[in-house]
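Letters A, B, C and D name the chains as they come in the text, with residue numbers starting at 1 for each one.
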Amino acid sequence: MSQPEFKNFPKLRKELYIVVFGTETRSGKIFDIVLLWAIVLSVLSVMLESVEEFNARFGNLFAVLEWSFTILFTIEYSLRIVISKRPEKYAFSFLGIIDLLALLPTYLTLITAGGSYLIVIRAIRLLRIFRILKLSRYLREASVLGDALKASRHKIFVFLGAVSTLVMIMGTLMYIIESGESGFTSIPRSIYWAIVTVTTVGYGDIAPQTALGQGFASILMLMGYAIIAVPTGIVTSEIATAERDKQLEESNEKNCDLCGNKVHDYDAEYCKKCGNQI
Amino acid sequence: MSQPEFKNFPKLRKELYIVVFGTETRSGKIFDIVLLWAIVLSVLSVMLESVEEFNARFGNLFAVLEWSFTILFTIEYSLRIVISKRPEKYAFSFLGIIDLLALLPTYLTLITAGGSYLIVIRAIRLLRIFRILKLSRYLREASVLGDALKASRHKIFVFLGAVSTLVMIMGTLMYIIESGESGFTSIPRSIYWAIVTVTTVGYGDIAPQTALGQGFASILMLMGYAIIAVPTGIVTSEIATAERDKQLEESNEKNCDLCGNKVHDYDAEYCKKCGNQI
Amino acid sequence: MSQPEFKNFPKLRKELYIVVFGTETRSGKIFDIVLLWAIVLSVLSVMLESVEEFNARFGNLFAVLEWSFTILFTIEYSLRIVISKRPEKYAFSFLGIIDLLALLPTYLTLITAGGSYLIVIRAIRLLRIFRILKLSRYLREASVLGDALKASRHKIFVFLGAVSTLVMIMGTLMYIIESGESGFTSIPRSIYWAIVTVTTVGYGDIAPQTALGQGFASILMLMGYAIIAVPTGIVTSEIATAERDKQLEESNEKNCDLCGNKVHDYDAEYCKKCGNQI
Amino acid sequence: MSQPEFKNFPKLRKELYIVVFGTETRSGKIFDIVLLWAIVLSVLSVMLESVEEFNARFGNLFAVLEWSFTILFTIEYSLRIVISKRPEKYAFSFLGIIDLLALLPTYLTLITAGGSYLIVIRAIRLLRIFRILKLSRYLREASVLGDALKASRHKIFVFLGAVSTLVMIMGTLMYIIESGESGFTSIPRSIYWAIVTVTTVGYGDIAPQTALGQGFASILMLMGYAIIAVPTGIVTSEIATAERDKQLEESNEKNCDLCGNKVHDYDAEYCKKCGNQI
């Protein structure tokens, strides 16, 4: 490489950075949209490859596509590492790890067969679409949902703890009652049945046949009624709170002149921290 | 046609317009109710035609009914076009397009066989019932529900994006775990299973048989618990907001002249703060 | 009967009335509890009669029980008619009609066979338990739930109208797509499948087998997500409102001295109807 | 035992008490964590024992483990009784009864075979984890959930009463309609089907086959829509209330000395109405 190229490298890197990481410029947008389509096609190709009849007919095509996309994404990943100011920050970010993990399955097929289907985790990269298309409205809603789920997590854990205990005990009781018949062949399997029932999924591959078993199952289902109401209640209540907080945050962001305390109450006439009249 | 008829045409058109499009006059109401019953009978006849034993016995009757109703509705559609002041406005409105689409299937059977069942989209026309019977209370509620769903749409899209990614990855994992056994014959099919599971529909035509598969399915179901709570939370929170907004809108938001207190109760005659007559 | 007895008849009737209709006195309570147990035993006996093995062994016993209970309840019903001040009011009340309907099935077996199982509607009479045990707390909650459901009914009708249209169209589409295969043998049956799917019941007796059908079914299920959220949102929002109204009604029932207008707002200082200071 | 040992007994007992019942000290924490792991292993071993292939291979190991854990927990239980100041209070507390019940199944196997699987109720003891790890945040949330469920219980009972009546009547109707076909072999079984349907579990082991039966089932499912919304609405509304009450309780509900304005924000130092320092 000639001297001028070296000289221009920082500038080139900056330009590339804007294209690859940014979404403001026209070329940045085009890069992102091309990338999105490449991901969609790559994921679709993996899915179709798993269908017997497509694989029999177009098996070679899928192999070529898989390698092409993987090489493309490898170049993209290297580029992101090279042009980042702090490569380790990108490499260990959530998206960076997903980007890397989405590359590995294809290379692993060189060592061991199988597992190439894991490429599907590339699908997570599609969630960038909300960021790319500058859908700030969606970002706002995602943030409200995220806040609500984060605020709910303690209640949800307590709830899952209680549900786990319940399904363990109900599963064991059903194993004893149905005594190995009609699919209840072991306690773990019976617990699986209890989860299938209490979540109201109800496959029906395992279902009680004895009168006593059906009676117990009925109780579990009616309990499931009250149980399924709990996470809904938690999340609903938190979404309402998160939405209200977001609106307050957006609408009423005046600060106290004296102490800088953020004033949230719309009817406040004095700062509640320092007593200064607003 | 004689001169007087031409002269009277605008008047006749106006009268017809009131009958066909309006719901205020007695004849307008009768027209609408006759139309509704014709639609109900027409949809019922298509449904029963699809039942083997009815078709074998009354096949000809159904064919006659289908053509009679189609000709009737064709006349009605032509009438609506002719008497509209701005026919293109009706033709490209939602109801106008439905009216047209509901006619085409029968005529298509002249060219190609099959597809006549699509007449069922006439059912959408039945929703007019709320408008026709002047059930303003229902219109109000429909508008509240509509507002709530419209306000929820951004959150619902973010939610569906996240759910889609989840079912893609869980479906692929289950395809790898169950390795083509017990219905998991391809990734798209496994994704279909994941959707059936996470929505708690649970047909059971595809269900995991291995211990590991059942473990993963259990996790997906318990996640489905928290997941199904999200759209409910979103819609509940928005319905509460939409209902409150509607009530505010309905109440006359006048302020008290004396003390400036905002009057929210639509039946208030005196300010509840200072006793001043409004 | 002697003269004194005739004279005392009104007094006897009044005493009987207190026992049969009232729940205040000790004998009234005992009457009600005995009645409840008779209903429970009668319903249980009908249920067990329908179980093949019990019927084979105790068939005669069930017949005797059925007739004994029916005669008992016939006496009770006659008594209620006789001692009521306005018998027609009781006879045409909701509970009165249920009481009568619960007697008829047994007598009908004298004319035609079968149908005696309809005795089960006696179960509705068990709901009296909340009234009998003077569980005023339960009455209050039942009234809150009733108010909420009554306030929701317009929204629920609009919702059911929209869902009915949706399942009709989706059912027909699936009938065309699956073309009579895998259970989709007619449009009504396909609509039944659509209802089973959209309500997330998911029996699995009818389930799509083609890729296109599974795709459409997936869309219907994901729509079912948003759809199931709607009635929940409606009822939740109305329960919150009904609960608040109930509490307001209980807590703050002062009336305006001047015009008698009920004052609901806890912060009101002047009557909003006549301007009188409270 | 020597005199000094007797003398020190109260002191030793106090120290043991802190270790066994307390969670503050380091040794108390270690004791609890060891106990938790012992419970986890014990429950896991019972579950795996029920799996045929594991039982065939490691049957003896499981027997040894079961007895070891039972003896360990027996010692622990005795210790808790001995060192408690009021042993009867512990023995009749909820956790004390669970602790005892979790021991009995193994000893019962000495008298009669079977039932040893009931050891699984030890799983309830795992719920201590929230207390042990001093996760006060979780305790708070559990208390909010508990308050909400307690406040909902009257409404839930009324609701379950209504649902029970509904499924009894719908089950009987379906038994008459399907007349013993396709799984509807008795009224109790048909009621079981009605519960499976109305809770949207939908196993599909019993499913209507006649057109009339499918019609009735459709109505039951659509009613289930409104029905499942009720407990959700109840719990959601109560969780919102319980959460608000908790927050109010936590904030110091002092009033402003100057203007009497109620101070709700726990971090307020000045009244937000008049600026007076609190």
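Operating definition for what follows: a residue touches a chain if its C-beta (ideal position, glycine included) is under 8 Å from a C-beta of that chain, and two chains touch if they have at least 3 such contacts.
The model shown is predicted, which means the values in this text are computed figures rather than measured ones.
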| item | value |
| --- | --- |
| Result of counting contacting C-beta pairs for C-D and B-D, higher pair | C-D |
| Interface composition of copies subunit A and subunit B: same or different, split at half | different |
| Distance between chain centroids, defined by C-alpha means - subunit A, subunit C (Å) | 43 |
| Subunit C-subunit D separation of Cα centroids, rounded to whole Å | 31 |
| Where subunit B and subunit D are represented by their mean Cα positions, the distance between them in whole Å | 42 |
| Sites on subunit A at which at least two other chains make contact | 188, 191, 200-204, 228, 232, 234, 236-237, 240 |
| Subunit A contact footprint on subunit B (complex, rising order) | 154-155, 157-159, 161-162, 164-165, 168-169, 172, 175-176, 185-188, 191, 197, 200-204, 207, 211, 214-215, 217-218, 221-222, 224-226, 228-230, 232-234, 236-237, 240 |
| Of all residues in subunit C, those that touch subunit D in their complex | 43, 46-48, 50-52, 114-115, 117-118, 120-121, 123-124, 126-127, 129-130, 137-138, 140-142, 144-145, 148-149, 152, 156, 160, 163, 188-189, 191-192, 195-196, 199-205, 228, 231-232, 234-240, 243 |
| Sites on subunit B touched by subunit D in the complex | 200-204, 232, 236 |
